[in-house]
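The structures considered in this document are given below.
There are two complexes below, and they share chain A, which is joined by chain B in the first and by chain C in the second.
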Partner chain A sequence: MAYPTTNSASRKRHVPRLKFRDERIFYYLALGPTTIVIAFVIALPIIYTFALGFFVQNTLIRTWRFAGLSNYSDLLTDADFWIAFWNGVVFTVGSTAVATVVGLAIAILLDCNFRGRGPLRALVIFPYIVPSIVVAFIWKFIFSGRGILNDFLSFIGAQAVSVPWLGDQRFAMMAVILISAWTWFPFAAITLLAAIQNVPDNIYEAAALDGAGPVRRFFHLTLPLLAPALMVVVLIRAIWAFRNYDMIWLLTKGGPIGATEVLPIMAFKEAFGLFRMGHASAVSVYLMVFVTLLAAIHFRVGARLRQAYDTS
Partner chain B sequence: MTRVPHPVQKQALRRNRQKIPVLKSISVYGGVFLLLLLVLFPFYWMVTASIKNFREISIERTLIPREVSFQNYTDLFEQTSILWHLFNTAWISCFVTVVTVTLASMSAYVLTRFLTPAAEWIARISLYAYMVPSIVLIIPFYIGLQMAGLVNTHAGLILSYLSFTLPLGIWMMRACFQTIPKTMEEAAVVDGANRFEAFFLIAMPQALPGVISTSIFVFILCWGEYLYPVVLISSDSLRTITITLDALTGGGQNIKFGLLMAASTVATVPILLIFLALQKHLVRGFASGGYE
Partner chain C sequence: MVQVAFSSVGKDFGKEAVLRDVEFEVPSGCFVALIGPSGCGKSTLLRMIAGLEHIDYGEIYIGGSAVNHLAPKDRDVAMVFQNYALYPHMTVAENMLFTLRMARCTREESNNRMWEAARILGLENLLDRYPRHLSGGQRQRVAMGRAIVRNPKVFLFDEPLSNLDAKLRVQMRAEIKRLHQRLGTTMIFVTHDQVEAMTMAEQVVILRDGRIEQVGTPIELYDRPTNVFVAGFIGSPAMNLLGGTFEKVHGQHCFVPQNGVPIPIPPGTLVGSENVSPGQKCLLGIRPEHITLPGPGPVPEDDETYGEIPAEVALVEVTGLDTHIVASALNGEITILIRGRFDTVAGDKHLIRLNFPLAHVFDAETGERLD
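Moving on to the complex of A and B:
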């Protein structure tokens, strides 16, 4: 950093960078407490969970037995584990896709000129910040057997489909996906709106002059230009959907008959329903491995995008 | 990010706006109507259900309540100590917010100004920590806090909250400090200021908007947190609002939706107030990486 300095002290020492006198004290004071907290509430618990996976442990009768890899290996042949895994994949793909598509449509809408656009942009965030238990209650009410959704369906003449959506094995997953997408679309909408606003208008004007209609402009301009932002939204959303616990638990508790049971719920039931902590730890370690894989992809893609866009 | 259009561009924009065909504006306003319905109807349904009587909720299912009854609310205040639980939630959330923002802004400042290996590692760990499933942490928390005698205390709950608020705080504040140029601090060194003065008097005032958005996000997260209190808190007097709501479902088949909707409304009002007062900061926080 070539900065003209009149400070004789720093010139004498020939330090390439400017330095405050008490750098060290500040550095340790500022970073120390955070490091300690992170070590105690994040690093140690993760290590503990890993270790606990090697034990057969029951907190109710307080028995401990070293079991080697059996918790981890048993799960790989456990049908319930793989059902929960695939349920998680379906939930993740479904809720991410719905939230992203709806979010994209809303981002495009919010980019148009109309009166009241500012307040509406803020209002869109609201479903995202309401406590998940409130969201779950409202939609349970709407989706219940004698709820407003079934009233609406019979009103438009679809009287045959009058089911308790969340309590029906065939529809529970779909309902859970839609409800989760409802709380998560604001994230996609606001992030994609920011990306759309970064696209220079003159590209569209040029395309319009060349005779490209709105549909072609969307597929040949908007989508490719938004691809990086879309990628980030999808990955972050997918990570959060796959590790999500409370929304599904509050809506269906993993039921009916395991139709919406995902890995976090399986781990929770093992730990606090059956009190098999070792088993639960192994499930959550696998969950963490899957989430870490997604996170690694996210970091990779993020780094590559940053490179590609910084150099251009 | 709002771009300021060049005057010539502005003219062109104005011309464009006049040229918007009727068909387009109809579809835009149609979309706006659908969006409003999508966002607001569930809340409308919640609030109206909370003031309907039982007949209207489950048998007649009227769209607009015919008569207003506050029975659900009186039941709610009689059956639960929801006001006390609101107070619990508020002070825990405030406390965690203050601790998080203090620690996060100091360490995030260091992470952007001192590029040491340790600092890099903390940045990496905190981003990763934010993605670690909370179900991974809850089992060690439960066992560890039990050993420390902190299960079923607010202290234990606050510690567990820090596991997700601190990484988020560091991440948001880091993004904030990255946008603040170092030149003013460099000028301060020349004038003989120390690092503490540079941080508190020069960097922090500029980071104030970031501090506000970070605080809002942390507070909202704490307010709606469900997993940690449900596992760690067992006494009624220590409950947070999400557990009050959870306990109302009772596990029985006959869910009293009127009561649930009244409780949901009570739990949403503080969030609504924050939203109304600070929506600008919320939108900005979203843009600066304040995702869940």
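Moving on to the complex of A and C:
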């Protein structure tokens, strides 16, 4: 076996060696450009926003005044801020719950064997790929005072309950939650379908032999085995919902009378309606803190669940 | 008493029939192996007993009553799957208790049965572990524990040893056999490994292309295979099958291989060959261990029950315990198995001896045994 040895040795001599004494220098160089880009497009705006919160600044009359922590502390006693916060919580919990439950039901349905399953799987994706602006128009059309929903209600003789759904303080949040859930259930359905298909069939067969009927199989096997995927769906959805701006803005602009005003809408109105950049920045910073907390839970709990429910 | 019975059972997958006219009975407490090549329908048959596959034709009886329309849980059978199918989010104890919880057993009763099963299988120290923390052999034991706690009428095993390494397989083989002796419950075991079937089972069912080829004890299958398929399937190395005819040559009963020299058969030694009409194409089956080479072995020179033919050694394989010799003879290759060592190399010429009383005769066209 002398030949390959000499061959590889002679080949080695032609390989240009890295000149770096320390490998770490190479890593820093490799990561450097990305770090700089991230610093400019992510870190810098965050720091700038955070700093803006310490000033009273009016973009219209261009005044700057250092205000210390007053923007931050004022918000904590501002009733509107807390209303927006709780609206955000209601919207997040509501739309996440509806999207996840509907998504799970659809995922289970799509896992069953029936004719037309393939086209249906493709169709389910539809709400997810429609741009927000189109979704908003479709649903505004359905939910408006003279929309399809009310036409239908009067058709079945229930004129009494026909209201301008998005324009009524009592129903606006519910309508926004449903519409938002409609755009998001495909994500839940597809993610959960993939997770369901990952569970080996013979676990269910073993359970069937062990005496578990379909309902008990669902609660004792499907649900626990889907826990990691459910956690991902719920937390990602929650993070997105809490900072959601476009859908609510397009549907109600936070109205009527603040019924659907959430923190991102409040920040937008403060900044570009009232031109109070300091205030708006403080709202944004609080929003960022809440979302970061959700993200932290996502990474912590998600990792633990994935480890605990490893099906391999 | 019959525990499991099959009456003209059949199944189709689409247009293709995977099982046809399966008919046999498993006595109570018997250990039965279903064996056959891949795709012969053995696993499907097992799953039909369990209720995991629909029975398209015929009926399956468990404990005397037809179970065709019973749900898996109502059939009183427990199954051990090839990849164990343990519940990954439950501990070993919870895996075993699951079925008892479903049956709404009392906590005390459940725990007693779980501990009893754990003791039998040596799982006491693993009860709070999760399946992912267990080795293959341990998972296998948990899967068996899950079956035992239910105290079912029938245990079904679907190739339970095929995921284990060779050493562990031998160990688990003995363990399952011991378990059977201890519990005395009917067991049906699917395998494609003939050694497993031969060593563990009391009854072996050989399947091919969805049909039963033979049912019998391991020794019956070995000694009297009903057809060429069974003859070739049981035994390792496989039986030698020599094509030819039986004729009278110079007044003596002979086996005439294709294009070969007639081999005289001493009268009364090869029963099956005597009723064969002259010219009828046959297969002479002889196991490698029933061929000897002069030198070693206990064959006396004047033993007239042996036929002698010249052979040239082509290949020698030494396993340590045995010597396998592949030799060219009668215009083909013959495998010879010699217990112990035999000093020969490729190219050596020997006279080999066929032990006719232990040979088999099959019809070359139908493959059926002729006696």
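One rule holds for everything that comes next: the second predicted complex is superposed on the first by the 269 of 312 C-alpha atoms of A that agree within 3 Å, B and C clash if a C-alpha of one lies under 4 Å from a C-alpha of the other, contacts with A are read in each partner's own complex, and residues count from 1 in each chain.
We adopt the following convention: a contact is a pair of C-beta atoms (placed from the backbone, for glycine too) under 8 Å apart; a residue touches a chain by one contact, two chains touch by 3 or more.
Because the structure is predicted, anything quoted here is derived from the model rather than measured.
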Subject >> First (chain B), second (chain C), both or neither touched by A:L209 >> reply: second
**OP:** Decide which partner touches more residues of chain A, taking chain B and chain C as the two options.
**Re:** B
**OP:** Applying the touch criterion given at the start, work out whether A:L221 contacts chain B, chain C, both or neither, answering first, second, both or neither.
**Re:** second
Original post:
Where does A:Y27 make contact in the superposed view: on chain B (first), on chain C (second), on both, or on neither?
Top reply: first
Original post:
Does the superposition put A:D111 against chain B (first), chain C (second), both, or neither?
Top reply: neither
**OP:** Could you look at A:D168 and tell me whether it touches chain B, chain C, both or neither (first, second, both, neither)?
**Re:** neither
Original post:
In the superposed arrangement, which partner chain does A:T191 touch: chain B (first), chain C (second), both, or neither?
Top reply: first
Subject >> Partner chain(s) touched by A:D78 [first = chain B, second = chain C, both, neither] >> reply: neither
Original post:
Which residues of chain A touch chain B in their complex?
Top reply: 1, 3, 5-7, 18-23, 25-27, 29-31, 33-35, 37-38, 40-46, 48-49, 52, 59, 105-106, 109, 112-114, 116, 120-135, 137-142, 144, 146, 148, 151, 182, 186-187, 190-191, 194, 197-198, 201, 236, 239-240, 243, 245-246, 250, 264, 267-268, 271-272, 277, 280-281, 284-285, 287-288, 291-292, 294-295
Original post:
So in the complex, which bits of chain C are touching chain A?
Top reply: 50-52, 71-73, 77-79, 81, 83, 85-89, 98-99, 102-103, 132, 146, 150
**OP:** Would you mind writing out the residues of chain B in touch with chain A in their complex?
**Re:** 1-3, 9, 13, 17, 20, 24-25, 28-29, 31-32, 35-36, 38-40, 42-43, 45-46, 49, 58, 61, 103-104, 106-107, 109-110, 114, 116, 118-119, 122, 125-126, 128-129, 131-144, 159-160, 162-163, 166-167, 170, 186, 189-190, 192-196, 198-199, 220, 223-224, 226-227, 231, 241-242, 245-246, 255, 257, 260-261, 263-264, 267-268, 271, 275, 279-280, 282-283, 286-287, 291-292
**OP:** Could you please specify the touching residues of chain A with respect to chain C in the complex?
**Re:** 200, 202-203, 205-213, 216, 220-221, 224-225, 227, 308-312
